[in-house]
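Heads up, the next two complexes both have chain A, just with different partners, chain B and then chain C.
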Partner chain A sequence: MRRAVTRYDAVVIGGGHNGLVCAAYLARAGRKVLVLERRERVGGAAMTEEVFPGFRFSVFSYVVSLLRPEIIRDLELPRHGLHILPLESTLTPLENGDYLAQWNDHDQNRRELARHSLRDAEAYDEFGRVLHHMARAIKPMLAMAPPDPTSLHPGELASLLQLRRYFKDLGAERFHALHKLLTMSVADYLDEWFETEALKATKSASGIIGTLLGPRSPGTAYVLLHHYMGELDGVFRAWGFAKGGNGSVSAAIAAAASAHGAEIRTSTAVSNVLIKNGKARGVVLESGEEIEGEVVVSGADPRRTFLSLVGEKHLPSELVESIRRFRFRGSSAKVNLALGELPNFTCLPGRGPHLRGAVSISPSVEYLERAYDDAKYGEISRRPYMDIVIPSMIDPSMAPPGKHVMSIFVQYAPYHLNGGWTDAKREALGDAVVDTLSQYAPNLKGAILHRQVVTPADIERIVGLSEGNIFQGELTLQQMFFLRPAPAWSKYRTPVAGLFQCGSGTHPGGGVMGASGRNAAFAILGAGA
Partner chain B sequence: MLKTTPFHERTAALCASHSWRRWAGYVAASSYELSHEREYHSIRSSAALFDISPLYKYRLRGPDAARLLDRVTTRDVSRTQVGQVLYTGWCDGAGKLLDDGTVARLGEEHFRMTSADPNLRWLQDNATGLEVEIEDISESVGALSLQGPSAKAILQQLGELPPLKYFRLAETRLRGIPVSISRTGYTGDLGYEIWVSREKSLELWDALMDAGLGYGITPAGMLALDVARIEAGLMLLDVDYVSARKALIESQTSSPYELDLGWTVDLKKPAFIGREALAAEATREPQWRFVGIEVDWDSLEQLHAEAGLATRVPPVPWRTSVPLYAAGEQVGYATSGGWSPLLKKYIALAHLRAQWAAPGTALEMEVTVEHRRRRAAARAVKKPFFDPERKRK
Partner chain C sequence: MSSRAIVIGGGVNSLVAAHMLSRSHEVILCEGDSPEDGLGWVPPQIARALRLEGLKIEAPDPWAVAPLPGGGRLELWRDVARSAESIRRVSPPDAQKWPQFCTRMARLARFLEKAYLEPPPDPLGVRFALRARLLGRQGLVDLMRLLPMSVAELLDDWFENDTLKGLLGAAGVMHLQQGPRSGGTAFRFLHHHVGSPPGVFRPPRSNLHDILKKRSGIEVRKQPVRSIRVEAGRAAGVVLAGGEELPASRVLSGAHPRRTLLELVDPAWLDPELVRGLRHLRERPVAARVTLQLDRAPGFSALVHAPSLDYLERAYDDSKYGRISQRPHIEAYCDAQHRVEAHVQYVPPGTDTPALGDLVAAVLSDQLGDAVIESLEVAQPQQPHQVELSLDQALWMRPLPQLAHYRTPIQGLWLCGAAMHPGGAIAGAAGYNCARVALANRT
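Up next, the complex of A and B:
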């Protein structure tokens, strides 16, 4: 064994966006921080790559959804190169040749909804207002370590009382609505509001992303709220497309971390956490090198952190059990296309503003539920749900002039596929996606210059997310808040003194949000490290 | 894309200012000429023609149509006569105003309702168990408003104008075009609103412009209308009050009493939405009042003189929240205001805490003079500021 040369206040395992956020906050507080990234670049699943000459892709995560405004402010991310461009609309082509569009502009949106249902056009505003109130009640929880409702510790009680105040302000009627959101399926909840199938389907898609659940599975309604939380911070335009792809989000955070003095080493894989006398002392690299750290922070998912980097022998058996039961079940894939020309949608031909927004293949709730049925029994959805953006329409630098890149998020492509993932299965998935999409945009097949298909198995292999789950574990109610990732260990701490977690597998988790990384940094600083 | 009204072909050709604004998802002219001034004066001295098609319009038919409107609105609709128009508000269960508009009784079982916001879902949801057909006719019916002292004379050029009292309506033909005419408006002047099918809209516009030529008929936009409706003391949704449907916090909501609409609340009706809350509120003084404000000219002149300037008044009416003070404390806020070219007064519509709302109460209104916030002397006055006899005669 070699002797460690330098001793750090904090060693962060994994240069994904949460690891970088955590490192930036720790460095900003004056700590000596080292980030270790296995791959040759930082960003984890938030990265941009020139997959095909001249064509740049956000290979995995592809939009900025809920990046916390306080992180944008605190780390001065715009100064470090972050530029979020607006995604203006969502187009849902229908099977009958019509479409449903949702626009940012209120009047335009109302007019389009009224074309399908006058009632829905009116209900839409009221729905938004109710969700706004729910989101306001829930939002403060994002920025706090989740309080333990079973504890009588004064600190926990204070946090719970604070939450109780938010809930009390809701009033009885809205509290009941919140209860429904927490218990119902997203499709059932939307049935209470709307009658337009495509509207319900497109909205319900947000409830199933990243899970192996269907729109009629109970508990999926809650995720709707996550979307409205983004809207509360609308002025930050935290919802959109990052110029240069999602890699530039990671690059901006990394630049902020570096500016505060954090060191970042890429192509440096960690083998395990160095534990002596029950305390984390640093990490051991795959090269055998040891690096000492006062604290170690893992941005890896809970399974990799506890079962691989730490090891069962250092952990209480209940925690090992919880982590083994923590559900990943990756269900989504990506298809990235380099295109010689724009897709021409039969329902709305031409190069209209709809191509600067998302295109959602979600014509009806039944369509989504059937896509889920295939996956439930271990098959790829024959006709999958897709969320499509054409980044080159928003940021032309993503492709050569006149050419385009298309990013297709696909669900369901279950990690636990019957017979396992093979090259043939990967291509079959790509074919299912292109065939389905070609029904709505017949020129697509002829426009494809290059196709990249990323399965959950690929996501696991390349970025190390267990079972390819994009959220480091399903965002379902039984593994959220004080249960994420495990009871008693939801506050970024672990049973190993000096070892912390900062990935999406902790509260609040999910999306390129950064809240886990920030909360973890405060937990570490609060612990006096 | 915004929607265009059935009159757009004509209004667009006339809109020399290219100054458009949004109204309920439609484009509406702010002013046709480069300044709204002449358009305003036509309201008070000859006749102004407004395209008011963006109003939401509903047709209610059936044996229970009156019952539905009684259930929803605060006024007694069952007792109105055929040919009568009511101005009314409607509230949520807590007695907070959702919207305001008119209800016209076209027949025993036939009504037309107008509103500022869409209300189809609200009407449908409250029609459970009632025999009434509710139809959104917002897009299929065009509407013009002819306002001003010459309005009647112009209409008389076009055919048999039945004698119409204030807030009465009649079905008739103007130069052969079937229309429904109500003696209503949003200017506080003599005026009529004319309802016509989408198909016949341009024909009606042309007929009115032709007949009005000798009477100084002037197409007028939203700025001129705003001046007139402030003078008339008429409030506007989203400007002077927030619908309880859109309010994010309780303090943004208002009851009819707080908006000086107590006269529209008929507590003798056994049941309507919000009745319980309103009946309770009626037994005590409302906390807020909606009143007129007159800014003191001498004070305004003094503030400008201190900056070395001649007195200036807002060139166009404003729609922002402006603080009002009394005894050094903020006691309310104005929501619409501007210079009245007719009255030669700087006037505003305002919400005031009840104890400061009595006519004559000395107040101060925030004004910005040469980048500095100052307070000009003002006082609460009775609305409307302008109420000519010809309006209801």
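Up next, the complex of A and C:
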């Protein structure tokens, strides 16, 4: 029997959320699209899995906040099953037995802060306003292909002038505030505002996520802003939890893509991009099968896309050099626990509303800095930073009745560990996490039914993110905007005609945001494909 | 009287400003305490403007030597090829990259050099954009990528040898409360390259401060200033510590901006936002100076003890928690009289420093051999930049955007210290720029 050769308008490599977003937008514009996913299900790092019978986990990525609202709207994601439940609070247990809680409710939050510092309670609203304004100021840049300041192309010059006018219109004060945010350390930045250690530490944690930098290193303040860009239902700052886990985010995007006619093939690994006469013609699967496409879009990270799927021989040496220098240095791990009972925090005993929010193990900036000290010399943090949620409290379908799942984001667990990652090291990481957390919730050890530890090496192996970096490359200033992933190739294009990039290794990158996928789709459609 | 100017401070920037003004004004310099290490490139523009005579620049060759772990020393010379030969003995690949590295860094340093001898550029201005374009594509990419980066990343991109990377990396953290893995330290590395020939990554020393102190043409009062008098929003003169009032139409202060605006002036003159900004300026002194007397020549004139980037990083770690580095970064300069001036980092202020001489002698014991050592002096940690030179406090942000052009909200009062653009290690440039702004401003 002869198989009909189907020719696609676009073949998307990788069914991560950005690949799916890109595919959905292309399909919506009437293109014939095929998404190829190596694993048996789509979602990449945004996926839900029943790791232990009855216990479902967002194995990797675990909260939603950055997903662009225009994507939710354009793709009608709620209609396709996306349901986001808000996280109400962040609890930071302290080493002295007290705690600091941050609540979404303004007055409750103010009362709690005032308990620690009247000054901080006063400063908090102003801080929120400033960051909110900054986030708004930078927001239009998320949806724009970053102009290349080194180019002399008239189109580029025009968009540079436009950008310049935009900055001028911001006014000097905001421009300078933005400069500070881009160049300061998150610890120094917060020192200008607050005095409560736990507040500074918990806020500064967002600046170190996904990087191998400590909170005192310049360049960490900017990511604070990313976290103020989350705008669920129009409320800045709110973090949410997707009903059914983060896999349901991917599932909703996939459903939207399918509804627009995109095809999705899982368990289909791509071996390389098919290149003829310097132009991408399709892909070659690991099975040997060739699939033709007018354009090929890679959702893989820049290292995988250029050095493995394309290959050096098709690329200018300058780009190869840039990609080699692009830094990944994964530093985050996940510990997923199946619990027989809820953790009982000494500082706030019982089943209170705080268990429906996040718990942050970040008692002081020095605590985070010491966690970093271990990692920069290639060791697991002995006392790591953790961001914890108990999804079963918000969505009971995640665990059997009366039982719970706990998701623990851990930093630092460096990819480049001395002696490399082994099963013993993985368990040592799990032990460090459980031991540290047990100091604040002594019943935890006895409550654990199952434990899953996901190291950066596991993330690389399972999801395919180089060095396990959750952002497809560190989000540092020298790897952002027109430098993400490489100068001249930051606009989703590549030196290979017909080959595009759509992963978070491109601008603006990072988090379950989807902006890269969406921008890439517009770049492809704009190119007339 | 209207042509009288008062300059506060006895540092090199105040002296340059005072002598620049003295060509058209009667100038009184009110000196406080101002130790200077003589470190810093002297821009030829300043030498020309002041018609400096007797200026001596110490430019040791090799400009740095570093002990190698297996014995012997890595020597870096003012001649690029000669350094490459020296590097080849420890790493042929590094030696091969050295000339290109030197060329690329020199191009970026020249860009900063131009921006350093005038008031800070307008980042959104056409002039700045055009000048940046002149770097060419590669240069512009290098610049934008390099500025926010850590010096460790920069050096890891190029080199493999630890001794070489430690020696170079130390330039990125000199007088900075950061380790080589912190962002923004590559900028500091470039800053210390400004004015030096390709392949030389330490500023030279000069006698600029000494010759300016001896120079005539200005009146010097050896008294600190108690306050600056402000009348109707204008600077009207100063009051000395002894109570004497000196009226003047222009006051240039080389004192720390916080001291100038919050202590010498009644802060009621200032906008609360500016007061807040001044309170938040970071300075964090991190390096002490130790002077040792040896009884014989140690066989080096400029020695860098920073065996690797990790060594520097660990030295920094101690200081993060308020301790003196157990194994500090040391730069030792030896003169013809076998006197060794050692820069010791990290030494947080307020720590117990008397034993530093012994620490230096212990760390450098292999290099000092059997020489008999006498510890002469330990100087407390100082921040020669006054205000930490980091990307958020550099260029148009230095020390604060509202003050970046040397002007203050008080008419007739200017700031001329190292806290101003371009900061320390560029000898007298802040004073030179400030004087030019003050002279252009008609009062």
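What we mean here is this: the second predicted complex is superposed on the first by the 506 of 529 C-alpha atoms of A that agree within 3 Å, B and C clash if a C-alpha of one lies under 4 Å from a C-alpha of the other, contacts with A are read in each partner's own complex, and residues count from 1 in each chain.
As a convention for this text, a residue touches a chain if its C-beta (ideal position, glycine included) is under 8 Å from a C-beta of that chain, and two chains touch if they have at least 3 such contacts.
Just so it is clear, the structure is predicted and the values come from calculations on it, not from any experiment.
S.K.: Which term applies to chain B and chain C once both are placed on chain A by superposition, clash or fit?
M.R.: After superposition on chain A, which the two structures share, chain B sits beside chain C with no clash.
S.K.: Name the contact category of A:Pro218: first (chain B only), second (chain C only), both, or neither.
M.R.: A:Pro218 sits against chain C, while chain B stays out of touch.
S.K.: Have a look and say if chain B or chain C is in touch with more residues of chain A.
M.R.: The larger set of chain A residues in touch belongs to C.
S.K.: Anyone got the angle at chain A's C-alpha centre between chain B and chain C, nearest 10 degrees?
M.R.: The C-alpha centres give an angle of about 80 degrees at chain A.
S.K.: On the A-aligned overlay, A:Lys168 touches which partner chain: chain B = first, chain C = second, or both, or neither?
M.R.: A:Lys168: touches chain C, not chain B.
S.K.: Which holds for A:Arg351: it touches chain B only (first), chain C only (second), both, or neither?
M.R.: In the superposed model, A:Arg351 contacts neither chain B nor chain C.
S.K.: Look at A:His153 in the shared chain and tell me whether it touches chain B only, chain C only, both, or neither; answer first, second, both or neither.
M.R.: A:His153 sits against neither chain B nor chain C.
S.K.: Mind working out whether A:Arg73 is in touch with chain B, chain C, both or neither, as first, second, both or neither?
M.R.: A:Arg73 contacts neither chain B nor chain C.
S.K.: Look at A:Gln478 in the shared chain and tell me whether it touches chain B only, chain C only, both, or neither; answer first, second, both or neither.
M.R.: second
S.K.: Name the contact category of A:Gln108: first (chain B only), second (chain C only), both, or neither.
M.R.: In the superposition, A:Gln108 touches chain B alone.
S.K.: For the superposed model, what is the least distance in angstrom between any CA atom of chain B and any CA atom of chain C?
M.R.: Between chain B and chain C, the shortest C-alpha distance works out to 6 Å.
S.K.: So which bits of chain A does chain B touch that chain C touches too?
M.R.: Common to the two interfaces on chain A: nothing.
S.K.: Can you check the complex and tell me which residues of chain B touch chain A?
M.R.: My answer: residues 1-3, 22, 24-25, 118-122, 124, 136, 245-246, 248.
S.K.: Report the residues of chain A in contact with chain C in the complex, numbered from low to high.
M.R.: Where chain A meets chain C, its residues are 149-150, 164, 167-168, 172, 175-176, 179-180, 182-185, 188, 191-192, 213-214, 216-220, 325, 327, 366, 369, 373, 376-377, 476-478, 482-483, 487.
S.K.: Touching residues of chain A toward chain B in the complex: what are they?
M.R.: Spelled out, the residues of chain A in touch with chain B are 107-108, 110-111, 118-119, 121-123, 125-126, 129, 132-133.
S.K.: In the complex, go through chain C and note every residue touching chain A.
M.R.: It comes out as residues 123-124, 129, 132, 137, 140-141, 144-150, 153, 157, 178, 181-184, 280, 282, 310, 313, 317, 320-321, 390-392, 396-397, 401.
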